[in-house]
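Two complexes, one shared chain (subunit A), two partners (subunit B, subunit C).
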Partner chain A sequence: MLFRQAGIFHTDYAADRALFPIPADRWMIVILLVLALAAPLYMNTLYLSSYMLPWLVWTAAALGLNLILGWAGQFHLGYAAVMGIGAYSAVHAQRAGIPWEIAIVLAGLMAAAIGSVFAFAALRVKGLYLALSTLALQFVMDWTISHVPAISGGTQATLQAPDIRLLGWPVTSDAGLFYVALVWCILVTTFMLNLRRTALGRALVAVREKDYAAAVIGVNSFYFKLVAFATSSFIAGVSGAVLIGTFYHAVTPEQFSVDISIQALAMVIVGGLGSIIGSYFGAAFILLMPGLMNAFISWLAAQFGFSLGIETLAHLPHALYGALIIGFLLIEPLGLGKIYGNIRDYLLVWPFGYVKK
Partner chain B sequence: MDSMLLLESAINGALVGLMYSLVALGIVLIYKSSSVPNLAQGSMTMLAAYIVLAFANNAGAPLWLAIVLTIVTMFGIGVGIERVALRRLAGRPIIMILMMTLGLEIFLRAGSMTIWGGTSRPMPLGISDAPLFLGPLLINRAYAVGAAVAIALFVLLVLFFRTRIGVVLRAISDDYTAAWSVGISVERGVALSWALSAVVATIAGVLWGSVQGVDQSLAQLLLKGVTVAVLGGLDSIGGALLAGVLLGIVEGLASIVLDPLLGGASRDLVDAAMLILTIMLRPHGLFGRHDIERV
Partner chain C sequence: MSEPIAAKVLSLNNVEVVYDHVSLAIKGVSIDVPVGGMVALLGANGSGKSTTLKSISGLLAAERGEVRRGEVQFLGRSIGGLMPQDRVKLGIAHVLEGRRVFEHLTPDENLIAASAVRSRNDMARNKDRVYSYFPRLHERRTVASGYLSGGEQQMLAIGRALMTQPKLLMLDEPSLGLAPFLVAEIFQILSRINREEGLSVLLVEQNAIAALEIVSHGYLIESGRIVMHDAADALKRNPDIQEFYLGGTDNKNFRDIKHYRRRKRWLT
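Showing the complex of A and B:
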């Protein structure tokens, strides 16, 4: 139908290793890129800056978490803390007069350095115990960020982030900020797309499947766990810095609390472990869901003439969000990415459903 | 530093720690039978406290009856959670199971908030605020009652594990495949352990509710419960009790020593540090079973 294929038959290795082996996929990517680049032209600035922009930055962040969770198979419940480290580093660097381009790289490096501490936990333990120790590290880092005045400026303080300047040009318009987020998201996506065909990506998958077995075939599992944690922390740190620079414009400790870690985890789980397109879906789903739910509930309330208290309205989206995580795990554990994959595989060779895909 | 003050806070800390053990016991019961780390134990505690209040205030039952009714309700909720959510995940990667309990945590916490709202309510157990005097030491009466209940519950659980059903649960926790092959219904055993831990959550919810009021903060007992459970060994009931005492004492002393240095709120930091140290130094806890992993 859409794809006009009767199966995937490659005649050379280059075609087999291509990022997007099917022409229809390549066209889709080109169209999506054009649509994204032209978004400021046809999109209302409200949608652009309050939906598209956070979606892109959170997608980049979710991809970083997917690297550690979906590829390397290491639990990370302290992801938001690492993002927070990046955010605070960038803001402090900027306030010290360092240009934003360098500040976000510094933020990433700082996050990678501190985030690697999580890797030492991963060396010692795994699975459940790793999850719990990263959760504890999240609490320690939250505490440190909010209680050390040199970092946060006091427990209740909000640090104003200076405006972004790229190569001396101030970036303040909604479209400019959107492009910054878009470029970062595309960079991370490209990295993740290529990761699966590099030695590093294969080594990470080997470590995920069984670290002892990986060690037996000569993959240094500790080294690759360390690399995975450092890389994903770098992505987290820069994403945190970009999130502050383009979206929040100010940084407080609550923006990176344990709830946000769980939210990032939910993006990856709902999107699908190890799925890149899934991270896009997951981030969109988790970000948009509460607002849509609220609108839907108030529409229902108006429709059927019942009224809900403010507190009910405030907590109901959260309850549904928990229910959705439960529902996804029960019905489609591989998430939205897998659902997309199923539909695509079906349409790929439609109507020849029996063809090997 | 005044040694009497330290002793007093150590004793009160030990009593609080025993109350933490109540939350940890629920986690241990579930982990023992099914190796599922229940991160929803904190919100189950909170849910139970809200249900008690609903029975007592809205339905007008006397408090003791409300507690009994809640125990029955929570028994059913525990079985239901296992049946609906956890049974289908058996054998899946630990990542999925942890995420499921996290999802349950969010669902139960936000669900109770949706129904009952977030304002803190009192749980009138009728324990007087006047402290107990132990020589020159002042002991918090509510903590003492909570600690006594925790110890009583521990004794009951030890006795329970000597009954026929208890032996079945022990067999499941030893080796569930072997238990299965001799005709034990593992599913029912696991469901029973969820039910028991929901009942323990009720008791914890009532006691903690009377100490700090019934609101969202009850769900935050999860961190303490997890720390105690890991420190004691995730499959050791006695370990949970002792680790509770230990954590309580460390917390009590640390808050006296560290609070002036760090500007308050050092308790959570101490918990997190204890959790990290335990996992780094002795992942299977003080009394837990040391798992051997095979490739």
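Showing the complex of A and C:
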């Protein structure tokens, strides 16, 4: 219906291999981009800086985790730790007087370096064993950050992050910070969209599907797993740095603890492994749903005049939120991205029920 | 074409299977297997043979497929809503393509594992029966199944299916990757089981020559539709079948064959 394919003829290879071959997709992207760019005009600053901004940064982070989990098929339970490496590197670099735009690149490189050194050891094992050794990375980083005063500024310490300056211009307004997050998210999304059209992306998928089958066609699976770890760590590091620079403005070890790793994992799995739009949905769901649930239940209570104990009010949203995750995964095990895909497929072939393969 | 069949163990009526909500695999497939009969389902790659078998044994859900229309009847009863394991209890056994033996278990343990749906008393008897059909398995019964040869693994897969005391045995390309003499041997054993026990068999094959030797009826599936069905002898004599599935007729230019093949399609 909306995404009609009939009448679309590609007359050259470039058109056929375009990122969005169907005009409806292109229009949707343009509309979304315009909406995002104009967001500071129609959205109040509370929504802009406390919902939209973290959502965009976390989406970029979730895309990085999706690269390793959904594309290369390797478990990573220490993703928040890698983000933490980036965050601390950026803050220290900034405090040493390095401009922010260089500091975040350094943060990404630092995270990539530590991530790949660790991956060298961890990638000798596969599957659940790898999951456990990446969890070890999380704990080692937690311990190192909080026990080395040179990094954390002392135990229980909070390290203030200097304000962002881009090309010498201070960025302090809500709109400015929002645009920084938006640009980073678009950059990562573009990279991921293009990844599946490159040799690297195909090699990663080959390694995911069956690593020994990849080996017999000449794909060095260890090398590509390592590249996946390094790339995803780079994205994680920069995302961590951007998150601190635009949202938290200060860095503490708790911001990148193990439950944040689990949360990032939940974003990817709820959104859908290997799905880019799914990462957007997943990050939105995990970040925003608890707050929405809270507001919804308070609203219900106010509407129908029943009073809820403070305990119930605290726990009910969490229970509902958990039930929602289970519910969505029961409806579609491949995540929210796949639900979107199903709707899109339905509209693509409408008014017919299916296509003939 | 074929004479009316009195008692049917299996009857597919206009079955339509759609994968992943949008992609159609088979459409309007109707197949009858008579009690004690041996029927072949022939067709090229990707024509929907395996999908048809999975719609009977209930394995579609694992691959995100569903039966959208039509009915699968087993012994006169519609089995559409049943789980695969419940269909096994009714007497449907599916020998999967590519064997899929439990590699870390020995053949003996594989057979024991397969007798879960039948009583313990039947187990020894069933096992003896399988070993009498496949003496080779008896010789190799203590080796891990992963170390068996392809032919032995295929025998094990068939033996495992027999352990469930099926009324209908469905085989998905048992000749896959086997030497011709092994194919002949396995097909001989299948036809012996069919003859001696009256077990109904639905055989999916690419190897049409071998399959048409042992079955009584054949169905031809092309792009998800049944395009022809007849007695095996009639199929063997059919010039189209000879050309497309039995290796062609003599002294014909290959360029002409390709040409002819592209043009000729059966009406549905």
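Here is the rule we go by: the second predicted complex is superposed on the first by the 308 of 357 C-alpha atoms of A that agree within 3 Å, B and C clash if a C-alpha of one lies under 4 Å from a C-alpha of the other, contacts with A are read in each partner's own complex, and residues count from 1 in each chain.
Just so it is clear, a contact is a pair of C-beta atoms (placed from the backbone, for glycine too) under 8 Å apart; a residue touches a chain by one contact, two chains touch by 3 or more.
Please read all numbers here as calculations on a predicted model, not as lab measurements.
> Who wins on subunit A residues touched, subunit B or subunit C?
Result: the larger residue contact count on subunit A belongs to B.
> According to the stated criteria, A:V349 is in contact with first (subunit B), second (subunit C), both, or neither; which is it?
Second partner only.
> Of all the subunit A residues, which ones make contact with subunit B and with subunit C?
none
> Which residues of subunit A touch subunit C in their complex?
Within the complex, subunit A contacts subunit C at residues 342, 345-346, 348-349, 353-357.
> Flag every residue of subunit B that touches subunit A in the complex, lowest number first.
Its residues touching subunit A are 37, 85, 88-89, 92, 94-96, 98-100, 102-111, 113-115, 117-118, 223, 226-227, 230, 262-263, 265, 268-269, 271-273, 275-276, 279-280, 283, 293, 295.
> Using the touch rule from the top, collect the residues of subunit A that touch subunit B in their complex.
For this pair, the touching residues of subunit A are 69, 73, 75, 121, 124-125, 127-129, 131-133, 135-137, 139-140, 143, 147, 210, 212-213, 216, 262, 265-266, 269, 273, 309, 311-312, 314-319, 321-323, 325-326, 329-330, 333.
> If you look only at subunit C, which of its residues touch subunit A in the complex?
Residues 18-25, 68, 223-224.
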